[in-house]
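Both of the next two complexes hold subunit A, though its partner changes from subunit B to subunit C.
Up next, the complex of A and B:
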């Protein structure tokens, strides 16, 4: 931080110092610390190249901050927390899920989240991640019959996924070579995604 | 009483409604502002996606693909979707090596109601291609492209997938692309897509081409204010100078220069000057490749001149008529003067600039041979000279 401020003061670099930002503006910043070698490469003309002795040792660092695309308060807090960490959370869950089924399994993905647009974002992220890992992935979302759904909504949430999984297998909505990756929040107040895999009628939560 | 209560209720509701309207308008303005910043990065991600297809196409032969959907970050509007649809379509048309041929299929994105043995299903057309085929409104395309953008903190993420338009809806190609945090968009040319590395190299070359050092050649004129007691005025001095200018960084926010100048006027003077300047960029923190840059500078120098034209700079004694008319060059007056300068420079692409400045001659601070253009009141600093220069940088 002090190094970045110092660099800016000496060389007039383009990175604004945090000293001139209000608290509200600071809350909308995403910052990362870079070595000055990397900072000079990433921000040519703005961060001066480090001296030769630092090129060898890589001692200096620069704090590079950028403003978030969507500012605090523009989206509901829970949605913002989920979407900001979407790649990280979904990648971890998809990797865990991929290890639970054979490579020949056809994957379906569904997300259960109160906001439909956010649920679609979660599902798309998981499908894309699985497909990039080389798994067979379908865009089709398996759906139970209306009668099954009407019954499932009367069950406690801890039982819903297990029974829905078993029902999907029995009614051949999901075949023996197909798996469903479900992503959801369990508590309405949490911002941590959970995942479970439905394979051959058996529902297993992801670690 | 009841009427008053009713009026109060109506006014309260109206006020609340107007406040809601105002908030919605402010939100729309904010969204439009954000979208205008997001669109460059989103277009950059599409550039990279299509460039990737030109290098490794998802298809071996030209294949009809339906652009099934473009979804933008949650809370942004549909204007951005339309822009991105046009951008990706334009790029694909300009880059046939992708083997992607967009097919028009309005029914694909329409809601389709399909009743069968298992029940009635309401879906988008691309989610139920069999229903489209049965209805005879299928475009014939076998694949659909989905582009999904999401703002994750300070990064924009594009998830692109191509699915088969059959019963399986299998994803045959998927890519996730992310903007590097706050790295500026490369703004690649659609007809000559290059990789990020190549675009970055071009950018660095554009920056590096300017170099840290420049050789300015300046032609200028200095005019001196008329003195209150002088019998004659100083002639304007025409100067030609050259030197070396160094920037501390490629941004050229701070520069320093030294230069040597020469002035000669027949029957008047021969003068040389050495001067140093320190400049600070005022218009932004880095010089622009497309717009003029404005610098402010301070400088200091020393001037030595010889000839009758230098009589006016002599201290403690006003020039006499005899001295001015004296053509005897064996005893020409000489002057050595210190100079302090402040000024502004308008420079275009580090090539041509126009400079205006005022100078003070401290040795003549208390002399009345030369007048004053500007006086700084508190410190009583007099600027006796005004000049303009045109500079060419090499």
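Up next, the complex of A and C:
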């Protein structure tokens, strides 16, 4: 017993378990510092309630860590960076888009991303956010005719969304009471989503 | 004679203990807490990330336990290696800018770095035990730092922002140092070793990588916000020769 205590004291195991985790294990933890009061409320049974004097003054704090479901390296870097911030990014863009059209507008959402499963996740997240805000959201993705698409792929990125939007309105793929929220990356090395809205034939990038 | 020998042995033993305590080292462990453990899509070792005439002003703000001038210097070095033209400003606590670099052309992007010490813990009981046990029981000190990074364009439009937090746990003592030294020597691969300055390199790699990614994202956002219009040529400051 005394040997175990000595070994523990020597190695510092009684103080912080961090020293025994590998770098990869440390990177798979999502941690945040919480006050004693907040930690006790969030993790009852694991964090004891703080004494009354701390309730008044809020002295101590707790480092709360949880292991991530998908570990670092399981997904490509860009997908991982986009998906870990998906909720924040999509909420900001959907809120900006919602402010650009009347409440009665029917929203269509499409995501342009190299990986189809990730594109679907982005589109679903945006549809859900718009629906939560009380907008009418369609599951249908507006599609241009094959000839239009063949022409559009030859255009530079600066023109393609503007012309596709105008063409969608002219060909009545999108009606006057319908809007398309497009979410995309425009550079292979970026890890942020951009958004644009097509409304009555006019394409506008979201700030 | 026997007493003298005994005294001499005691002195030698005392000197040996002091010598061991003097040679005792630290084991520091770095843990990314917020943002820094997320992967990046950019390779910060690529010298062509910002070669297309990207002009950046890095502004480092003061904070507890943070050497703003060192931070600014390191960030400039990192971004310059990736092709950007970087100038730096160190903002003093009084709000004055200390020795700004000479700016020949106005910057396209302004990076504001606010660093602060969020948490510091140093157990007095462990420190006393450490001294009493001749550093056999380690003293443990812990710091949590945070960085708030904002990137704006020349007009002040916010293009990107990100918060980071990281934690450093330093154990001081002969036992913890010797044991980890032996494990480093015999078992741990070089990338996993905890004795030495590896934690500094790891943190620097994380922070500079994310900073480069954030700047790259800001650059792309600026292009999108300008509807992919070509970048105007830099204006020369007034009063300079053509």
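One rule holds in what follows: the second predicted complex is superposed on the first by the 189 of 207 C-alpha atoms of A that agree within 3 Å, B and C clash if a C-alpha of one lies under 4 Å from a C-alpha of the other, contacts with A are read in each partner's own complex, and residues count from 1 in each chain.
Operating definition for what follows: a residue touches a chain if its C-beta (ideal position, glycine included) is under 8 Å from a C-beta of that chain, and two chains touch if they have at least 3 such contacts.
Since the model is a prediction, treat every value here as computed from it, not as a measurement.
Visitor: With both structures lined up on subunit A, is it a clash or a fit for subunit B and subunit C?
Guide: By the criteria stated at the top, subunit C and subunit B fit after superposition, with no clash.
Visitor: Per the contact definition in the header, classify A:146: touching subunit B only (first), subunit C only (second), both, or neither.
Guide: Only subunit B is touched by A:146; subunit C is not.
Visitor: With both complexes overlaid on chain A, does A:137 touch subunit B (first), subunit C (second), both or neither?
Guide: In the superposed model, A:137 contacts subunit B only, not subunit C.
Visitor: Just checking: does A:84 make contact with subunit B only, subunit C only, both, or neither of them? Give me first, second, both or neither.
Guide: both
Visitor: Answer with first, second, both or neither: which of subunit B and subunit C does A:189 touch in the superposed model?
Guide: In the superposition, A:189 contacts subunit C only.
Visitor: Regarding the shared-chain residue A:125, is it in contact with subunit B (first), subunit C (second), both, or neither?
Guide: In the superposition, A:125 contacts subunit B only.
Visitor: A:67 contacts which: subunit B (first), subunit C (second), both, neither?
Guide: first
Visitor: If we overlay the two complexes on their shared chain A, which of subunit B and subunit C does A:33 touch? Say first, second, both or neither.
Guide: In the superposition, A:33 touches subunit C alone.
Visitor: Upon superposition of the two complexes, what minimum C-alpha distance (Å) separates subunit B from subunit C?
Guide: Superposed on chain A, the two chains' closest C-alpha atoms are separated by 9 Å.
Visitor: Just to be sure I follow: which residues of subunit A are touched by subunit B in one complex and then by subunit C in the other one?
Guide: Looking at subunit A, the two contact sets intersect at 10-12, 29-30, 32, 84-85.
Visitor: For subunit C, which residues count as touching subunit A in their complex?
Guide: Touch list, subunit C to subunit A: 27, 29-34, 37-42, 49, 118-119, 126, 133, 136-138, 140, 142, 144, 160, 165, 167, 169, 171, 173, 175-176, 179-180, 191-192, 194, 202, 213, 216-217, 220-221, 223-225, 227-229.
Visitor: Which bits of subunit B are touching subunit A when the two form their complex?
Guide: Per the stated touch rule, the residues are 27, 30-31, 34, 37-38, 71, 73-76, 118-119, 121, 127, 146, 148, 150-157, 159-161, 163, 167-171, 173-176, 178, 180-183, 203-204, 207, 248-251, 253-254, 280-281, 284-286.
Visitor: Taking the touch rule as given, give the residues of subunit A at its contact with subunit B in the complex, in rising order.
Guide: Against subunit B, the touching part of subunit A is residues 10-14, 29-30, 32, 42, 44-48, 64-71, 74-75, 79, 83-87, 106, 115, 117-118, 120-121, 124-125, 127-129, 131-132, 136-140, 143, 145-146.
Visitor: Sort out for me which residues of subunit A touch subunit C in the complex.
Guide: Touching subunit C from subunit A are residues 9-12, 15-16, 18-19, 22-23, 26-33, 61, 63, 72-73, 77-78, 80-81, 84-85, 156-158, 186-192, 194, 205, 207.
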